[in-house]
Amino acid sequence: MIRRTAWMWVGLALAMAALPQLGGDYLIGLGITLLMWIALAESWIVLSGMTGYVSFGHAVFYGLGAYVMVVCWNNLPGWAGFLGAGLAAGLFALAIGYPVLRVRGPYFVILTYGLAELVKFLIINTEAALGKFGRLVFGAPPLATLYYLMLGLATLAVLIAWTVRRSRLGLGLAAIREDETAAENAGVPVARLKLIAFALSAAIPGMVGAVMALRSSYFEPLQAFSPTVSFNIVAMAVIGGGDDAPGPILGALFLVLLSELLWAHLPEVYMIILGLLVIGFVLFAPEGLHGRLQRLRRP
Amino acid sequence: MSSLLSGQLLFAALATGGLYALVAFGLNLIYGTLRLLNVAHGEIVMLGAYAAYWAMTMMGGAPLFALPLAALLLGAFGFALYGGLFRLALSRPALMKRIEGNSLLLFFGVSIILQNAVSLVFSASPRANKADDALIAFADIQTSQSRLMAVAITFLVCLSLAIALKTSWAGRAVRAMIQNRDAAAIVGIPLDRLQAWSFAIGFAVAGLAGALVSLFEQISPFMGFPYTVAAFVVIILGGLGNLAGSLAAGLLLGVVETFGVAATSANWRSILVWGIFILVMLLKPQGLFGGSRR
Amino acid sequence: MLARFSRALLVAAGLAGLGGTAMAQSAPPVKIGFSIAKTGLFAAAAPSQLTAYELWRDQVNAKGGLDVGGTKRRIEFVQYDDQSDPSQAVRIYEKLANDDKVDLLLAPWGTPHHFALAGVLERLKFPMVGNSAASSQLRDIKPGYIWFPTSAIPDRMATELATMMKGQGVKTAAVTGVQLPFSIEIRKFLMPALEKAGIKVVVSQEYPPDAKDLTAVLTQVRNAKPDAILSLSYPNDSVGFMTQAKELGVSAPFQFVLVGPTIDFFPKMFGPAADGLITIGHWSPHQKAWPRAKPFFDAYVAKFNARPDYLDTALAYMSCEILEQAVAKSGLDREKLRAAIAGGTFDTINGPVKFDGVQNAITPTAFLQIQKGEFHLVWPKTVATSDFQPRK
Amino acid sequence: MSAGLVLEGVGKNFGGLKAVSDVSFAVPEGAIVGLMGANGAGKTTLFALIAGNERPSEGAIRFDGPRIDGLSPDRVVKKGIARTFQIVRPFAGLSVRDNVRVAALYGRGGFAGSAEDWVAAVLDETGLAEQADKPAQALTLSGRKRLEVARALATRPRLLLLDEVLAGLTPTEVAEALVMLRAIQAKHGLAILVIEHVMKALMRLCATIVVLHHGLKIAEGTPEAIAADPAVIEAYLGESAAHA
């Protein structure tokens, strides 16, 4: 059974790798979007799924990454901007992590949202002071290149989530989620573990933001730090379910395809269905799609 | 800057802050009594604005007719929502626990639904009420009749709520309930009825706030979110479940926004608001005015 | 409202191939694709463009269809919500071209969307007439498959505005504005332009997009008593600015509001208090030299029971007219169409339009003034429909 | 330097309230010491101070010499002190085995053999082996109390702080639990500091008993001496006698 599942994932990865050879721009574009959300949601669960510290502000890492990329573009080689974006997001998480992760529950949720807003306005102010009004990116790499970068990021994110979940680190994080005090008293260095999880869950979104800045060849803080990014991540992770790697893949796949089917002429209806789904999953299937499927498989 | 001493600024701070306090009150009331974080609270403000717009523009009503109407409609909506959904859920503890634990996500879903349902029905185009009433001046303050009325109504409502909380039986019962639900139930406080009223009043006050907003600003299906955010900032500053604290924090936010900008520069507005919010959360997570955290 | 919903359903059903029989037309319909923000940041702004598209489609279909190099074919829209996200718009246009195989494209709403699409159109070799985008950066776009009929480009606007102000004897000005791309860009060009025109800037303030209370800014403006107040604002804060300015008695003989006044609700909201405001816009139904202007206005009001946005709706409609006339000449072949758009001169509601590179080479950068509730062009003289009147 | 735990004038204020003041006593290596007192006497606060959940306002806590007060709980665990909670705090969503595994992987470590073997051994000793793959939330109260002990034990402590692990159990379960605790103590050579309300059990388990009253230590001695101590009787019975 396990082997079959493993082969299935490998098959999926290969299919994704072959996609640019098979499909046109539209399919590649859809693939980039799907992979973007997978990478973001997988990164998110490393913090929020595993520790229960629900971040409503992951757009901050995405936006920071995009910003670093457009600032570096044409000044530094592309790879430097790309890595720099991940580094900046990860370092930012490390820098703010210690005080921020002492705040729990609904306070943490709102705090992360507030942080994303603060950084957004700081960057708006900086850009305005520089007389910048949105930065255009000229000479972005071709679509297929961006696709493979995103595929790499998504794969990396999945592997990180998968590995962490099965590691000593993951067990410690699960203990924190279940009962932080008890975890401390079982020897879990909670502050350090949370910080590691925070940095891990920040770095990839930074690089995703960098790729997406090239993809849309335009940077503007209101767009890059849009709360919608944060919200979508949470919705996908919740609907996909759980704290394990398959959840966000299923959630992202489900929502991206659903939106693909519905946005045609019923965008508001798509959003309403999205709302109903979030409510439905929270209330009646907190284990998410992944949990549901597992339960079906194990009678 | 000498301009910091102007009555005009103080008036503006009170007008803005009063509105924040009004919106935040309902959010905090529902959190206090039911431990639910209603992220869709701004959408209630939006619905109130649409109700008032409808009453004033379509039916040609005066503001003094539209404002209570909006409050009433939204209050009824809150009452119905509680009766229809939460009473059912409350009878199933396992489900209710899940609702409490995930209320942010849950109401996030509700918020998306309300925004897009309104957009579907009324279209996304912004609308606005007429704002061509007479101007008045007193001391060094100049303003419009409707703004003065709005400020007066805001403070009247905030004050009555504060007094009702302190002195009336229901107010004391609500405060007891916020302190300790189980104990409140044991001493015979009718939780169910109070919760229903908390929903109704929380929604009515938010609806009223929305109606007031519609007098001065354009309205659209997506106008609610900033109010949700402002209300969250206020109740965190004032302390979750601390109703008097959130009234005070609402005013404080108004002062920060108005005087903070006057003292620095307008482009610092949002940085100031969020910076102060984040500092308070990190340094004094139980809110500025003490209060119990749980 | 219900009609809106059922119409949407019908269109969806039609696309699913269920309602196709209703069209008793021999020639197959022309499929025209575009994305528009129905949700997200721009959702409240984008409808002003969609209404223009819808009006145009209905008018053309009422005449029997779009003239495609001689044959009349009905227009059918394929539209998607881009969720206000430029990268989403990019994907949609790729889908429109490759999967939906649309025959023609119309533009999405928003400057960032246009920028993001420029490269895609180039790659797809699919011509598209843009509309709502306005930035000096658009000149950096390689001319090819995208054109911008707008004449409200920040650098030109800034110089024109300064010249106009100087002509009105303005000596001092207060410049306030929101921190959004278009307004930031205008400020960047406006400040030196004012200085060159000998106009002293006595107040200069920028505020973030979520600012609600502008009293502190407005008191400064009031105390400075400038000859001109330039509010570089977007619809949302334009309303806030105007309401609060009115309450505080802040006014100047020359008062400019950037984006907002041209939207239907704005003059209704402020009534006489809006009189005398200057705003950007190069179209007015009052210009007799443009015979198509007034009929468009009347048809719009008849259809939507509201006035068109003098800026966005007019621009969007112009882009449709340009496309319509180019297709009549060239048919649907993309390269021929491209040549037709790039080389042709078009008769629009805004008078003749011809492109030089990506830009409109004919329509001058102009300003509108609200006079007794009507929008009149007051600058430049060549297109003016009325004289500038100082605000009381 | 004496081996084992030493408290020197330890006190803790919450706001203006003195929860514990000037408490001194020692738990020598391998000893079992009981901690007694009415509700609110400060026993659990004292545990929180020793285990690092709270920082003392005054005094010093030493373990094998160096001070440990002010260390974070996980550091205290690494020094070899593990606690249980009076109100059980299992990792409810994890399996019983994973609960213990957390402590094994993050505890003091240094056990012979693999971590999995160690976890299995601890589960065996605490009688949880058969329920190892159940989620912790499926355990009965008695099972959860055992899990508290198992988790503390899995950190391989040298001093175990047991907070009312017998409370709420049936007499049979208490007897079983006592057997288990003795066996564990004997096998690992642990020192144990135990808070217990079940007096008989405490008397049977401990060589020394410390009595707290309103945050102060009022007595220390053998079970017999404590039972006869007038201050203790006063504290336990006096108040109720006075109120009667």
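For clarity, chains are labelled A, B, C and D in written order, and residue numbers in each chain start from 1.
The definition used in the following text is that a contact is a pair of C-beta atoms (placed from the backbone, for glycine too) under 8 Å apart; a residue touches a chain by one contact, two chains touch by 3 or more.
Bear in mind the structure is a predicted one, so any value in this text is a computation, not a measurement.
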Intersection of contact partners for chain B and chain D = A
Request  = Could you name the chain whose Cα mean is nearest to the mean of all protein Cα atoms here?
outcome  = A
Ask   = Which pair wins on C-beta contacts, A-B or B-C?
value = B-C
Most widely separated chain from chain B, with each centre as the mean of CA atoms = D
Inquiry  = Just the number, please: Cα centre separation of chain A and chain B in whole Å.
reply    = 32
Task = Can you check how far apart chain C and chain D are, centre to centre, with Cα atoms defining each centre and the answer in Å?
result = 73
Ask   = Taking each chain's centre as its mean C-alpha position, how far apart are chain B and chain C in Å?
value = 36
Message = So the centre of each chain is just the mean of its C-alpha atoms; given that, what is the distance between chain A and chain D in Å?
response = 43
Key: Sites on chain B at which at least two other chains make contact   = 116, 119-120, 267, 270-271
Key: Where chain C touches two or more other chains, by residue   = 38-39, 179, 206, 208
Task = Any chance you could list the residues of chain D touching two or more other chains?
result = none
Message = Tell me the shape of the graph of touching chains, choosing from line, ring, star, complete and other.
response = other
Note = Chain pairs that touch, by label, are A-B, A-C, A-D, B-C
Key: Residues on chain D engaged by chain A in the complex (per definition of touch)   = 51-53, 72-75, 77-78, 82-83, 85, 89-94, 98, 101-103, 105-108, 151-152, 154-155
Query = Can you list the residues on chain B that touch chain A in the complex?
reply = 37, 95, 98-99, 102, 104-106, 108-113, 115-117, 119-120, 225, 229, 232-233, 236, 240, 267-268, 270-271, 274-275, 277-278, 281-282, 285
Contacting residues of chain C [partner chain B, same complex] = 1, 4-5, 38-39, 43-44, 46-48, 176, 179, 205-208, 210-217, 219-220, 223, 235-236, 239-240, 243, 246-249, 263-266, 268-273
Of chain C, residues touching chain A in the complex = 8-9, 11-12, 15, 38-41, 78-81, 83-88, 90-91, 94-95, 97-99, 111-112, 115-116, 118-120, 123-124, 135, 137, 140, 179-182, 184-185, 188, 206, 208-209
Query = In the complex of these two chains, what residues of chain A are touching chain C?
reply = 24-26, 29-30, 32-33, 121, 124-125, 127-128, 131-134, 136, 138, 140, 212, 215-218, 220, 222-223, 226, 228, 263-268, 270-271
